[in-house]
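By written order: A, B, C, D and E. Residues from 1 in each chain.
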Amino acid sequence: MKIRNYWNLRDFGASIWENAGRPMRVAIVLISILLVGLLPFMGGSFLATPIASFDAVLVYPVGMFVLMSLGLNIVVGKSGMLDLGYVAFFAIGAYTMAILGTTTKLNTWEIMPIGIAFAMIAGVLLGIPTLRLRGDYLAIVTLGFGEIVRLVVLNSTWSKGPNGIANIPMPPHFGPLKFELENQRLFFWVVMAMILLTIWMIRRLTVRRPGRAWEAIRQDEDAAELMGVHTLKYKIWSFTLGAAVGGAAGVLYASKNLYIAPEMFTLNVSILILACVVFGGIGNIWGVIIGATILGYLPDRIRFISDARLLVFGLVLVIVMNFRPDGLLPRKKREKAIVKKGANA
Amino acid sequence: MRLEIKDLHVHYGKIEAIKGVSVVVNEGEIVTLIGANGAGKTTMLKTISGLRPVTSGQIIFDGKDISKVPAHERVDLGISQAPEGRGIFPGMTVLENLEMGKFHRKNRKAEMQEDLEKVYHLFPRLKERVSQAGGTLSGGEQQMLAIGRALMTRPKVLLLDEPSMGLAPQMIANIFRIITEINKTGVTILLVEQNAQQALQRAHRAYILETGNIVKEAKASDLLDDPAVREAYLGTGAH
Amino acid sequence: MNKKIQRSLAVVSAAALVFGVAAAQTSANAAPKTVYIAYQGPLSGGEASTGTDEQNAVKYAIKLFNAKNKATYNVKLVSIDDQGDPAVAGTVAPGIGKNKNILGVVGPAYSGATIASLPFYKAGGLVLISPSATRVSLTDSASPDFGGPVFHRVVGKDDLQGPALAKYATAGITNPKVFIFDDQSSYAVPLAGYVTGGLKKIAGATVVGTDSVPNTTTDFSPTIAKIATSKADVVIYTGYYSQAAVFIKQLRDSGSKAIFAGGDGVFNQEFPKLAGASAEGSRVTGVGGLAGVSEALEKDYKAKMGVSSGVYSVESLDAANILLQGIAKGNTTRAKMLAWVKAYNGKSITGNTIKFSANGDISYGLFAGFTTKNGVLVNTGIVK
Amino acid sequence: MFSVLIDQFWSLTIAGVALGFIYVLVSLGYTMVYGVLRMINFANSEIFMWGTFGTIVTSRDIFGYTQTSAPATGGKLALVLISQLLMSMAVAGVTAIFVEYVAYRRLRAKGTNRLATLISAIGISIVLSELMRLLTDSRPVGSPRVLEKIILTEVWGANIRLDTVVTIFAAALIYFLLERFVKLSRMGKAIRAVSMNEDAAKLMGVNLNRVITTTFLVGGLATGAAGFFYITVFEYTKFNIGFTMGMAAFTAAVLGGIGNIRGAFFGGLFLGLLEVYASAVLGTQWKAVTVFIVLVLVLLFKPNGLFGEAVQTTRA
Amino acid sequence: MAKIGKTLLKLDNVTMKFGGVTALNGVNLEVKEGEILALIGPNGAGKTTVFNVITGVYKQTSGIVNFDGISLGNQKRYQVTALGVARTFQNIRLWGDMTALENVITATDVHKKSGLVGALFGLPRARREEAENRERAMEILRFIGIDEYSDRLAKNLPYGVQRRLEIARALGTSPKLVLLDEPAAGFNPAEKVELAATIKKVRDAGYTVLLIEHDMSLIMGISDRVVVLDFGTKIADDIPSVVQNDPRVIEAYLGVPADAS
């Protein structure tokens, strides 16, 4: 059992964490953030991706996938609703940035709250009628919503239809730090900051009332409602917060990619993000991060097998799910005081 | 000897639900397993019928170790279970439910009518409702259907899991009367019950199960008079 | 086909070993000098057949070049798979832009992916010659999509093709009633617009109906119903050949005798093959100068590459040749290569002169008309 | 706006019904599996795609038809068509069993969460479509014309074409046989029993693995039959056609009430007609949007679909 | 013993139909403040339906449900709970992956005001309410006598504790009326005796209790009044000793006494 513990990353990590005092914890957090922040400088190492430049891969897909997966995890992992249309919020954020960025003088950071707001409004508008549905019915309705957003953008003139929108401005510089085309490490740090913010948000909410409500809804929605949880309200909140993260990711993405078109926002993106969540370990922040990192990074790392890499991607999904059905790093709630109190079963 | 369970261990994930239980059920007996909830009674029955895998130990039936035989083949051997919570097929009619009991039988066509008559004889209520969907029956009727369906497999051993659960007192009495009747036709019965009073009155022998272990084995009538058992399982205020 | 699978599987199994070897490394051996050019286009995903065809032509050109210049140069190809998807293009382009070993790119194949890649290539001064990106805005210096100075194309653009297609489709018909539909792609929708514009200049022509059909559609019955209602005698489709083949079959099966016409997306010998007899008499426009490829070339191509040429093979071959000729002339830096392409004045494999305008357009914007006869698209000459 | 619909109503209706029947059969693939496992078989779309290739391979490689061959007639026609149908069903059936075996069985034995199975199924569907993509070099594949599309007659201004008629009648027949199979056959009853109560079914002597494999097989056969009709009508396939078909058929299954065989029937027909009518009225570009909006509306008022009782309450 | 006060809950001629089946047929029922009222009857008599109508799971076909002066009819389920009605479930429906304490805290949230923003930024009110909830929940666990399990996941608790935790969770919503749906199901007689004491304790603490139970000895021991339903109709409503000897009740439900022995 003891030997197994080293292989059990979650318990291993958690035991270190639990045994650490407050200064130690702060140190662990800061060092981890620093190490991750240094990742863009690892471009020359074994981590490097052929063809695509490593710092760009770190921003998209890796960083963006992590961010969106964390957002989707609020919906799917925390409150148990299967959302197959997550790309819609990403698209709404991206199009808000693209349209406002090319037609007004607003910069990325000024557009960010607007994009988030639009995504949240869309979340509420979709949520009110549909969140009464459950399970697979909810899944298909959200999937439909994702497609509707894409098709509306594709068939409308204000969005320039299939041509997409080019020349989206990059974010303005932060003091001495400039966003550069050739070096995307600043973008990575911004994504990282957004990820940290999202993690902070999730952790805050999880231990307080909204988190409990989501947890109750996920486990038994009827019981939750009969215990006084306003289920629809909390489901919409969950949906809307997920949407906000997706929208924020979209705004940054548009500003980083400089060009967006409807074909970038297909169902595949939703499915991929969902795969990241489940692959890593649904409901567990660290699992989701690992899942998204691997699934974002893998296709670019194995570019040398060019043609077959999607095939390999599919195989990896099947194999990992079959052997680790709860994901690489599953959620597991640990019982705290068992040992201390020695309660007998 | 019909059914012998030797040193059975069963796990749910990492939790050991059955911790080395040995039980013997002789031909023609009614044996009852009583015990508190969570003692492992239902797990015992599910393991015997093959719904739960055995961790270690043996289930010997008719002289053969069947612990690795899949559930659907154990039915062929003559083990049938009326599961906890009845487990009828709600969307099938009463008749279809009963016919499902004959699913595995080789000469099901020849036996069908005869066995249906037997079941209808035991449970006249079912005959009145042959074409009604199982899901629309009352709790008591569903229990009847579950037992009737189990009988359609022509079991040698019938496993009954809490047949009285959730039933009104009158219906409970009814069901237990029928259990004795079934036993008299030569079917061996292993009965798991919460209602220890009734079960001990009907059974020949009894085992008391506590958190995965057998703590007592005796003639049922002896246990009825055992003060410790009365205290724990029958309650002083039992009517 | 199977060889490909075998190869892929072999690579997969070897993946663990190879993991860690970065692609496109420079190893400046003595002589011959190794130089890199790249092809960018969809090599996996739904559009991969287009990209594979184009890349094959580039490979063919390199093969010929290396055989001829064994002593001096060894040209290697870097395959940039963007899946035809601007999102993927945005990820790969920064790396390519920075990789100064790559002297020039044939591609990107698709306009969307081109626009997504452009900022990085502009920053890196990397010359592009696209064989198939036809969107007008790419060479329109007033547009946000403008690709100058790095972007060039050896394919005609939509605002020239549109009117040509309109003219060719309606030739010989008095007061033509035209039905136009597109496949919702970024290629087809603007082209449909230019066709409509072109029709305005044709006397008596009226647009009697339009539709926009997703490029995954196989059931065209609603569109055919609209055509029947509109009583159109000319139907113009601005999508790709595979959908066109499905459509024309259904149109003919419905009993319609209307003339069918399509743009360079349909210009592919696979079109009459897929559509069979239904395709007879269809009118298709293709880039004028790149029309007739000699049979000898096609034969050699097939022998060397193992497959026939496909969509935009000729254009890709020409684009590659421009870069290769530049290398032969010693233009082995990006800046020199860009200057070389800008000043290029040479012949295409079909004998036409290739020159680029200041904005990167090919000098001749002429389109030829093709008609299906006995299962083959036959050149009927430049549309004037 | 409605002129096309009015002018071409019967043409559209016939096309919609034919398309609808293809949807019905593919929906059955979803619904059968859903009924038993309560899971969406995401790979069903690729099972369909493999079926279409089975159809083409039969006429092209076994019977040697080419794009330029003359359509078959008489006995030969029946032979080729039936071989194509059987081949398509066989290919799809085998693929379905493969999917069950690789993507579902192990996870089911573990009794694990549904999402893992969903991702596993998505994974296998990527594998199936990528494999076909590599086999065909991403190229579309046309089908030789075996059944000549003769216009039989004209009714109310609509052409009644042979292939449409064959599709409608044959697909209806296959649907009918399948429905009878599930309702009346011993295996069909076992399927229904498992869908209602897995444990109880085992206790009746039902071999769960065999029933589930059979369910996938039956769903695969229906989907494969759809592949054959699809090729007969549209004469075209590509490695990625599964996606669109899958979305449509899945939507049809949900519209009708997923898990319910009758639901798949009405859902499929409803969707086929809705698609052609919506395309004619609003333009094909708004087809998918219309379909999803109708779906949402239906689900809002009938949260379990139009025929919301699932398989378990389908009465014999 | 608590004093029995004014009418807290009143069902006036409530009828509930499902399709063609009448589950409740013009039921009149009154629950008075501070009493323990038992609802008994054969299976399918409509007992759980009464609970479901009261808690808003079903909307009655006709009739009026009046709780504490408010007509329950258009309230959502969570609103009914907020008004002061809480329930337990026949088949335990705890949130298995939450600890016992969290189960109860989640229930205590119903009367709190702090929302998402408060939680996110740790505003004073949110912090205060969190602390209050925790304290209150611990108090309830202690009151029910299962506080030693507070940090255990609900799904890992022994069966008997789970049943009690259901009651604790219901109390967490600070109800005026507690509906207990077969709280003793699956208990052996000894456990039932203990439970009876707990239920009395709950009532004595000021809660009103409406309970569904099959075990006659339990019911006779603790209830102030017994209502008997049969086929959706009320056939008896009186103190236990009277009901027990009512011939209609014996015929419909109890059966010939002591047939077993």
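Quick note on the criterion: a residue touches a chain if its C-beta (ideal position, glycine included) is under 8 Å from a C-beta of that chain, and two chains touch if they have at least 3 such contacts.
Predicted, not measured: the structure shown is a model, and the values here were computed from it.
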(request) Could you tell me which chains make contact with chain D and chain E both? (result) A, B
(message) Farthest chain from chain A, going by mean C-alpha coordinates, please.
(response) B
(request) Could you compare the number of C-beta pairs in contact for A-C with that for B-E and name the larger? (result) A-C
(request) Averaging only over C-alpha atoms, locate the centres of chain A and chain E and give their separation in whole Å. (result) 41
(message) Could you work out how far the Cα centre of chain C sits from that of chain D, in whole Å?
(response) 35
(message) Just the number, please: Cα centre separation of chain B and chain D in whole Å.
(response) 43
(message) With centres defined as the mean C-alpha position, give me the chain A-chain B separation in Å.
(response) 50
(request) Please set out, as single numbers or ranges, the residues of chain C touching at least two other chains. (result) 4, 8, 44-45, 48, 184, 212
(request) Specify, in ascending order, the residues of chain B that touch 2 or more different other chains. (result) none
(request) Scan chain D for residues touching two or more other chains and write them down. (result) 131, 134, 285, 288
(request) State which pairs of chains touch, listing all of them. (result) A-C, A-D, A-E, B-D, B-E, C-D
(request) Please give the residue numbers of chain A that touch chain D in the complex, ascending. (result) 76, 82, 129-130, 132-133, 136-137, 139-141, 143-145, 147-148, 151-152, 154-155, 267, 271, 274-275, 278-279, 282, 307-308, 310-311, 313-318, 321-322, 325-327
(message) Taking the touch rule as given, give the residues of chain D at its contact with chain C in the complex, in rising order.
(response) 3-4, 7-8, 11-12, 15-16, 19, 67-68, 131, 133-140, 142, 145, 149, 151, 159, 161, 163, 230, 233-236, 238, 240-241, 243-244, 275-276, 279-280, 283-285, 287-288
(request) Please name which positions on chain D make contact with chain A in the complex. (result) 34, 40, 102-103, 106-107, 110, 112-113, 115-120, 122-127, 130-131, 134, 247, 250-251, 254, 258, 285-286, 288-289, 291-293, 295-296, 299-300, 303-305
(request) Name, in rising order, each residue of chain C that touches chain A in their complex. (result) 4, 8-9, 11-12, 15, 18-24, 43-45, 48, 78-81, 85-87, 90-99, 112, 115-116, 118-120, 123-124, 135, 137, 143-145, 184-186, 188-190, 212
(request) Under the touch definition given earlier, write down the residues of chain B that touch chain E in their complex. (result) 36-38, 138-140, 165-171, 173-174, 176, 194, 196-198, 201, 231-239
